[in-house]
Structure formats: structure tokens, C-alpha cells
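A short worksheet on the structure shown next.
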Amino acid sequence: MMKQARTLLSRSLCDQSNSLFASSTLRGFATWTDSSPTTGRDAAKPSGRVFAPYAIFKGKAALSVEPCLPTFTKIEPGNLRIDRRGSVMMTFMPSVGERKYDWGKKQLFALSATEVGSLISMGSSDSSEFFHDPSMKSSNAGQVRKSLSIKPLADGSGYFFSLTVNNSLLNTNDRIVVPVTKAEFAVMKTAFSFALPHILGWGRLTSQVGTAAQGITLHPKTDPMQLELEWVK
Amino acid sequence: MMKQARTLLSRSLCDQSNSLFASSTLRGFATWTDSSPTTGRDAAKPSGRVFAPYAIFKGKAALSVEPCLPTFTKIEPGNLRIDRRGSVMMTFMPSVGERKYDWGKKQLFALSATEVGSLISMGSSDSSEFFHDPSMKSSNAGQVRKSLSIKPLADGSGYFFSLTVNNSLLNTNDRIVVPVTKAEFAVMKTAFSFALPHILGWGRLTSQVGTAAQGITLHPKTDPMQLELEWVK
Amino acid sequence: MMKQARTLLSRSLCDQSNSLFASSTLRGFATWTDSSPTTGRDAAKPSGRVFAPYAIFKGKAALSVEPCLPTFTKIEPGNLRIDRRGSVMMTFMPSVGERKYDWGKKQLFALSATEVGSLISMGSSDSSEFFHDPSMKSSNAGQVRKSLSIKPLADGSGYFFSLTVNNSLLNTNDRIVVPVTKAEFAVMKTAFSFALPHILGWGRLTSQVGTAAQGITLHPKTDPMQLELEWVK
Amino acid sequence: MMKQARTLLSRSLCDQSNSLFASSTLRGFATWTDSSPTTGRDAAKPSGRVFAPYAIFKGKAALSVEPCLPTFTKIEPGNLRIDRRGSVMMTFMPSVGERKYDWGKKQLFALSATEVGSLISMGSSDSSEFFHDPSMKSSNAGQVRKSLSIKPLADGSGYFFSLTVNNSLLNTNDRIVVPVTKAEFAVMKTAFSFALPHILGWGRLTSQVGTAAQGITLHPKTDPMQLELEWVK
């Protein structure tokens, strides 16, 4: 039961399966249909979510990015331990007409902290490629492979983001490509740099200070600390 | 009625029509008059606003910049969805004397997230130009055109910010130019980089964690998560 | 009386005249005496201050830097208007022996937001110089002049920070020089970049969101916003 | 007794001796044993800790980094003074098998604010070396020496982090080396830049504003401030 609760809570922070994209119009700019048979299967919907993707709509596809926060486990005596690190979720959707995108055919790619580090340190002529295997370490390893490629445009005006999903179980091979301008890439770099400490869980480390009496002594110090923390074993 | 409320709330975060500029003196440095016939028309004034523009006063004009936060819509069951993205509002005011500026002749230009991304990634010899049409997608499209041009000064000591507003309905053509030093531009870059995640609405994603029990499980985890979020469809 | 209150509140955020330096030892590293006749004159001490300077102790002098937050004025109906912008306060103290500094001979220099912008955008071979006149716009203009010069060291390993205070009233001319390493300068750049939005007052703009119902509508939106904020005059 | 309390509180923010590493598995990726005889000696465990290290697991060793917040002392009348600055704690652990690391043989190195400044300003071909002596200024000075060396990999793909601990009392000489990729280094730079103002204690300076009536006057200002803070002595 606890596991179930944890799963729901985790999902509440970043599950996009019924996100604002699924049934919505973003600022009158774009609409989409949902060809997926799975929509609506979530009976128990958690609350407290915030949907604020940064979305880029292009002719053949759209790309939306959004931070996914880490989950924490309470450990005695009142401490928190990070349970699963956060990520930056990228959602690719093919277009099905002018400014219409098919949510049911979306493909997801969750950038880890280190992959985010790779992206934000890219120079204007650098390329990156990331590979994910959902079945890694299981008997199905290698049957579904995802790769995200980021390559500079020839004229230096931006990058191509290409997501390839090869599924040998379903015998499908999808590829969704979104051109990203330098300005849009600058938004990603700045927003991802902001998000990175939070997906590592360091946002909690710092906000913890403001809310508790932690780290505050009640009287002026009476002698200097000779002991460096580093030497306390 | 709800729409009305929403409109007021939206305005409360960034409407500058009765901002501190309208009737005020900033630190004894500059004053301004208001030649506009519309001042005072807002009967219902929302509360909770914070006025903290970064203003640059030059000989022929002044430029003030300020973040405008996004608005959110509550959706069931207790979630928030971004309704309209924020922006960085730029206000240009012509001077009408030494350190006197005419608030009534101000011109506004709201930089979108992507335009902010473009500005903060500008190198010292780069130029940018942004075009806005308030009547876009209506029958009046093209009748009022605004363009903001940012060009490096010849000696590399900063940039010219030029706002041109061409209104074919009123048959007016305004142009306000403010020279911005490298140091002032550095303030903008740093402040805009700080503001960018907030105008995207990502500030809420991260602050949400500190205030609720979200993302925290009540007991130590009992088994590792095999499932990557990315594979949950 | 209100003016008095405001003055005290302002000072509570950044007055260093009885800061931790005045009577204290920092981590057993350095001590200082106070030759000033004015210590202890503050009868009414405000509370809620936080003293957390970043201090650099060198052979002939010490330099300490600390952000000074802006002050706000409440305006009806429940809004806040920035009253005085913040700054980064730099405190220079000459040494009077090995790791002993004379707090009574300290000299202050408050970097404005734009001067902070200048400092954080300095390349490794750039110089900066800032001039302050406390009596500017009064009949005493020019009688006390302060200048802060930041110059790269010949070997590229850092910068010289030199504060010169020329007081023609007291017929004094003080000069305090502190060499700053590249690593220390990197701390300043990073910490000043963090502080800059807060000294502009933009920290309040963003924190405001988390604490109130502002910007949230109670029902799903019913139609797209055609109006860009920029067009609301 | 107060000293004891202070010590415990300090440790609660960054003592890693019973951190999540000591008895845990991180996301099913790696496990470790503890060969140390000292585990479990802490009878009084403080609460409110958050464990969120960024850990890098490599063939021969693992490296984990985590911010350690500063401690504060309350001083009258309700103010806070930083007592000990924070740091970024680096934990090195040798491997004892495939994806198994020996927590009992860990070595710690606490980067000061200035050392963090040094690391985050490193270019891709720069090196850094830091030396710590826990017994500095005591009669045992020089008997235990730690040095952390960061050197670029020959092919430019990252850095070697090497921690050497020479203990002439125990006659031991440990060396733990972890290769760090460019992407992992970018995560460190971004996360350390985020943490730096907080380990200086500046996070409190800014958060203070949101929680108290500080810096707010109750009525509109009635006259401009002629006095610059800098001139208040």
C-alpha cells in the first residue's frame, strides 16, 4: 500500500499522461487531438500539481519541457532522504495539421541531472546524443531503445532535437524532429540551470534553513570551532 | 464574472498603468508628468502588487524593466495550470525636460520568454529585433506595429534600445531611443536570467515542494524503482 | 515618527556600524580593535538582522562584502513600492598587526545595482573605476570624494581593489588596497549575481506568488486571452 | 551544554557519518559495505536533515558532493550572526567490487567558499589543487595532510579528481581517484554556483525579507533619502 502511495505521489510531480496537453489549448495558439487508447485510465488523481511546460510549436512537431521534482522518503528521526532524483521531462508530439498536434503519439524522454549538465554546457557548434533503454538490466534489455540527438543547424541559428524510438516488440520505429532556435535554446539553458539544483534535491537543503531553528544556537559563541567538519568521522 | 476577476488578477501582477511611475519621484532623481487622459480610470484596484522596476534615465528618454508573473488557473482536484505566461515588461518614456519624463506618452513592449532568451544570449556585437502586432489574427492585423531593436554602440560601450510604434489607425509613428551601457545591460541579463524561470511558471514548481507533503513517502522505501518516469504512459 | 521608524528599518538591513566586525573574532582567524569614537552610540537597536559578510583578510587590509536589501513602502490598497534600492556594501579595513584590523578606520563603499552589473561583467583583463560623492547636489559637493578602482594583477592571478577617500573638510586622504585572487573574485561574481535581483527588489516580486492567491483564477479558463498585457493602457 | 547543542546542530546540517550512504542502496545502482568500526556511535541523532548528495559512481571509486549550510548564532536583540560558514562536502569512497563501495574507507574534503569559487571558475584546460591540514595551528600541524587535485583529462573529455590523505600518525597514505566527465563537471559547477550564496549565509539575508515586516514602512515616504547608506558611520 505504501508503495502504491509512493507511486502516486511520484507521479503527481511529473506524470504527464493527463497533463494540460491532453485536453487543452495553449493560449489559443495550438490544439491537439489524442489518438491514444489509454487516456482516462487514471482513476485516482493526485492533487497539488503545477503544469507549466515551456513548449515550442513547429511545423512538423512540438517539443515541451518541464522539470520533474525528486521524491523524498521520511527517515527517522524526522529526516528526509532523496528517494528518486528528479529530471527534466521532454515531450515530443508530431503535428497532424496546422498547429494541431497528436498527444496520443507523444514520445517522452526524461533527462537525468547529468544529461541536463551535458545540455547546458553545449557550445554553439557542439552535438550531444543520449541513449535510454527502459528495460535495462531486465531480460528485455535492448528491445526498446530511445535516443535523443541534439545537433547544431548548418547556419548556426540553432539546433535540431531528434528523438528516435525503436521498439522491436511492436516493430515500430518513430522519429520526431523539432528545430530549436538559439533563443529557444537559451531559454532551455537558463531554465534547466535553474531547475538542476531542484531536481538534485538541493532546493530542500536550502529552504530547510528558513523554516526551522536548525543551525542556530541560542547564545553567542564562546569559543572558536577548531574542528573542521571534514575531520569529524 | 470569473473572467472579470481573472482579468483583474492578471493585471494586478503587471499592469503599469498606475504604477509608481504614474505619480511619483524615484529617489529624488527624476520626476515626470502625465499627459495621458486615461489616468485614474481604474476604479477597482487590486492589492498585493509590488513595484520594483529597474529604471534607466537618459537625456532624451527613460527605460524601465520589470518582470510580469504568469497567471494560473485552478483545475480539479487542487492542481494549478499556467493560464498565461509571464513576460518582462519594458516601458519607454520620452523626456520633457531635464530629468523629467512624460508618463502619458509611454510605450510598452512585453518581452516573451523566448525574446528574453534571445536578449540574454546576445554577445557584445550582436543585434536583435523583435516585432509585435497587437491585432495579430484579427481583422486589424498590421495596423499597429511595434518593433524593438537592440544594436551595439559603435565603440562597444553598450547598446541602443529603440522602440518604434507605427499606428496606421491614429496615423502616428513614435520612436523612443535609450542608450544602455554595458553595465546596465549586464544588470538586465542577470535580472532577466533570474526572472525567466519565474515568468515560465517554474518558480511554482519548485516552491510547491517546501509547502506540502508532496513527494514524500511516510516510510523507507522497500524496493528500488525499476520504472523510469519516461516509460509511464 | 514614521520617518524615524523607516530610518531604523532601513538601517536594520545594512548598517554595519555595529556589525559582527565591531566586537568580534571571525572563526578564530582574525581579530580587530576599534579606534572609532562613535561605537556604542546607537541606543535603539533594531532586530531581525542577519550578519553574513564574505570577508577577505590580507596582509595590509581586509575587505568584506555583504548585500543590503532594498526598503519598501506600503501603498494602498495593500501594495508595496520600492523606496530605496539595495546595494552591495563593501567595507575596507586597514590592518594594525598580524591578522588584526582596525574597525574604527573602516571605509565603506556601497555598490549600486549598475555598479554590481559592471563588476560581474568584467573580463580577466578589464578594469573598473567608480566615483561616489556623498554631498552630490548639495553645497558641499566635491568636498568628499570616494573612488573604487578594480585593476587586474600583472600576472593575471586576480585584481587589486583600491578605495581612495579624499576628504577636503578633514584634510585627509585615505587609501586602502586589497589584492583579490581569481577564486575570491569568482565568489564575488557568483554571490553578487545571486544578490542583484534581490537588491533590485525582484525577490519580492517572485516570492509574492507563493504566499497569496494572486494570479490564480478559481475556475478553468473559458476563453483564450486575446489581449496582450502590452496593449492594456 | 550550549556548546554541545551547537555542535549537534552543526552536525545535523552536514555530518555524513550516518548519511544515506552508510546503510543504503542508491536507486538500485550501487551498494556498499561499511568496514568502519565507528558506525552507530552517535546516540543522539538530530532531526530535520535532508540527504540529497549528487553521486558519481566509477570503476575504482565513487565521489559524492553535497552542500553543508552555515550555522548561525542568535545575538541580541533578535539578530543572527553567522557562526561558521558552510562548505561543499566531497566524499570519496573506494570500490570493493562491481558497483560496491566501502563507506568505512571514505575520505572527506570540505570545500570552502573560496575553493568553490576556484572550482566554478575553472576553464576546460585549467588545474586546481587544494591543501587542508586538520591540525593547523596546533602542535600536530603537518601530521595529517590532505590534498585535492583537479586535473583535465588528456583528451579534454573531463577531469581527474584525486584526493590524497597522508597521515604520519597512523603511517598511512591513501589516494582515491575519480574521473569526472564534462557533463558531470557541468552539474557540479551549476549546483555549486547555486549553493555558494547559501553556504555564505546570504540565503538568509534574502529570505528574511519575505517573512517579516522588515524593510517596510507603514506610510508613503514623505521625502527622499539624501543619505546614502555608505555615509552613515
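Each chain gets a letter, A, B, C and D, in the order it is written, and its residues are counted from 1.
The rule is simple: contacts are C-beta pairs under 8 Å (C-beta built on N, C-alpha and C of every residue); 3 or more make two chains touch, one makes a residue touch a chain.
Predicted model, so just to flag it, every value in this text is computed and none were measured.
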For the copies chain C and chain D, the interface residues, called same if over half of the numbers are used by both and different if under half, are different
Expressed as a multiple of 5 degrees between 0 and 180, the CA superposition of chain A onto chain B rotates by 90
Cα centroid separation, chain A vs chain D, in Å, comes to 26
The distance between the C-alpha centres of chain A and chain C, rounded to whole Å, is 37
Multi-chain touching residues of chain B, meaning two or more other chains, are 27, 70, 72, 80-81, 84, 204, 225-226
Seen from chain D, its contact residues with chain A in the complex are 2-3, 5-6, 9-15, 17, 20, 24, 27, 36, 38, 45-52, 54, 66-75, 80-81, 83-84, 87, 89, 108-110, 132, 134, 138, 146, 181-187, 190-191, 194-195, 198, 203-204, 207, 211
Within their complex, chain B touches chain A through residues 70, 72, 77-82, 84-85, 113-118, 120-121, 193, 196-197, 200-202, 204-206, 208-210, 212, 214-223, 225-226, 228-233
